[in-house]
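So, here's a batch of structures to check.
Look at the two complexes coming up: chain A is in both, with chain B in one and chain C in the other.
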Partner chain A sequence: MAHPTQLGFQDAASPVMEELLHFHDHALMIVFMISTLVLYIIVAMVTTKLTNKYILDSQEIEIIWTVLPALILILIALPSLRILYLMDEINDPHLTIKAIGHQWYWSYEYTDYEELGFDSYMIPTQDLASGQFRLLDTDHRMVVPIESPIRMLISAEDVLHSWAVPSLGVKMDAVPGRLNQAAFIASRPGVFYGQCSEICGANHSFMPIVVEAVPLEHFEKWSSLMLEDA
Partner chain B sequence: VNRFLISFCHLQLIPLFIFIGGGAGMSMAYLARLGLRNPDVCWDRKNNPEPWNKLGPTDQYKFYTVNMDYSKLKKDRPDF
Partner chain C sequence: MAETIDDKIKNYRTAPFDARFPNTNQTRNCFQNYLDFHRCNKALSARDQDVSPCEWYQRVYKSLCPSSWVGKWDEQIENGSFPGKI
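Here is the complex of A and B:
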């Protein structure tokens, strides 16, 4: 989850998010370099005593400041497109989970083998146990096995919602009457938090998403327990 | 002849033509690819009304694949 005063991304928990992080570093570095150059030029222009009123043209600098931005844009575009296409690939998922948005909770269905479904409500602030996160923790977590490609089918029952988990690099709108597909791989075990990302009414800020990635044996134990309870 | 050629061709504009022509060419080529190759697009309502129902498991419809080897996929769905 994000810590207070955090400015950057949360640590990546999936390969796609790692790619996005590195691309963001790359693009941000380019942006910093351009901004520093521009700031330097502004300061130099403002503080110089040199003035020449008769400069008409200069081919060399014109060439440089046409070709260089074109090159920089290509350098930004190529990794960006690569990640865009990478995010669209869904390589043989091991598990399909349906996340359905309601007002104001998420419900998850694991229907590959048995019919496992449960709702995930936010824990109200007055009921928080010690160590739980305010406005982020839920009563039931979406448990997934690590290092397995997971296909998410995301939809909604009533109004628009959006299923987002920043550390996994996933955000997909939940549209009523439509099934949206997203995929991710949880590279490491952990608990990953997200929040509903499409305004959906009074409690839009109070329907978080918690994904718990565990080794496969733990996932099998958890799903058997959940099936018994249901 | 040389002076005529230079004044006629405006040699200084050639880089502009290269960049703009290249950019416009690439965008038009991608649009054409989308229009003609994308299975979501239907041109012929009589003979090929719903091309999105005729997708093969090993065909690549995207422009670029990073990690995906489409030839390894199998068709695990019933025929439509």
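Here is the complex of A and C:
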């Protein structure tokens, strides 16, 4: 989850998010270098006593400051396209989970084998137990097995919502009447938080998402328990 | 196919990748499998054949389709108001 005064991304919990993180570092480094260079040039221009009123044209510098930006853009585009195609690869999911947005909670359905479905409401601030996170924790978490490709199918029952979990690198709009597919792999066990990312009414800020990634045996135990309770 | 349909149903894990629906929008994937299940049932039982191969389509649509959609469509089929052609 995010921590106070955080500026960068949350730690990645999926291979795709790791790639995105590294790409962002790469692109930001280029941006910082260009900005530093430009700032230096501006300061140098402004603080010099030297003048030359007779400059007309200069082939060499024109070539340099055309070719160099083109190269830099290619250096940014190639990793970017690599990740784009990586995210688009055909994957063979082990599990399909449906996340359906309502005003103002998410419901999850695991229907590959049995009909498991449950709602996930935010825990109201006054009901928080010690150690729980305000506006982030929910009564039921979406539990997934680690290191398994998961297919998420996102939809909504009433208005637009959006299912987002930053550390997994997933954000997908929940549109009524439409089924949107997103995929991820939870590389490590943990609890990952997200929030509804499309304005959906009064309690849009109060319908968070909690994904709990656990080893497969724990996932199987959890789903049997949930089926019994239902 | 190397694997018979019975084996595929027995080893079912989740709906596999369907090349007819390669993109983000899987709405039609869900609806098509729902239709195919009912059409399969209708076609096979009309010829007094075993309807167990149709279970594949049922497993797939149950994996993909939200339960509320399935409930609504089942009700529409009972009422005779289902918009798809079966």
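Here are some notes:
FYI, the second predicted complex is superposed on the first by the 229 of 230 C-alpha atoms of A that agree within 3 Å, B and C clash if a C-alpha of one lies under 4 Å from a C-alpha of the other, contacts with A are read in each partner's own complex, and residues count from 1 in each chain.
What we mean here is this: a residue touches a chain if its C-beta (ideal position, glycine included) is under 8 Å from a C-beta of that chain, and two chains touch if they have at least 3 such contacts.
Everything quoted here is computed from the prediction, not taken from an experiment.
Judged by the touch definition given at the top, the superposed model places A:117 against chain C, while chain B stays out of reach.
In the superposition on chain A, A:181 contacts chain C only, with no contact to chain B.
Once the two complexes are laid over each other on the shared chain, residue contacts for A:130 go to neither chain B nor chain C.
By the touch criterion defined above, A:59 lies against chain B but remains apart from chain C after alignment on the C-alpha atoms of chain A.
Contacts of A:70 after superposition: chain B is touched, whereas chain C is not reached.
With both complexes placed on chain A, chain A has more residues touched by C than by the other of chain B and chain C. Of the two partner chains, neither chain B nor chain C is touched by A:6.
Applying the stated contact rule after C-alpha superposition, one finds that A:86 touches chain B and leaves chain C untouched. On chain A, the surface touched by chain B in one complex and the surface touched by chain C in the other have residues 91-92 in common. Those residues of chain A whose C-beta lies close enough to touch chain B in the complex are 59, 63, 66-67, 70, 81-82, 85-86, 88-89, 91-92. Those residues of chain B that touch chain A in the shared complex are 12, 15, 19, 62-68, 73. By the touch rule above, chain A contacts chain C in their complex via residues 90-96, 98, 100, 109, 111-112, 115, 117, 151, 153, 155, 157, 172, 177-182.
Residue ranges of chain C in contact with chain A, taken from their complex: 12-17, 22, 24-27, 29-30, 59, 62-68.
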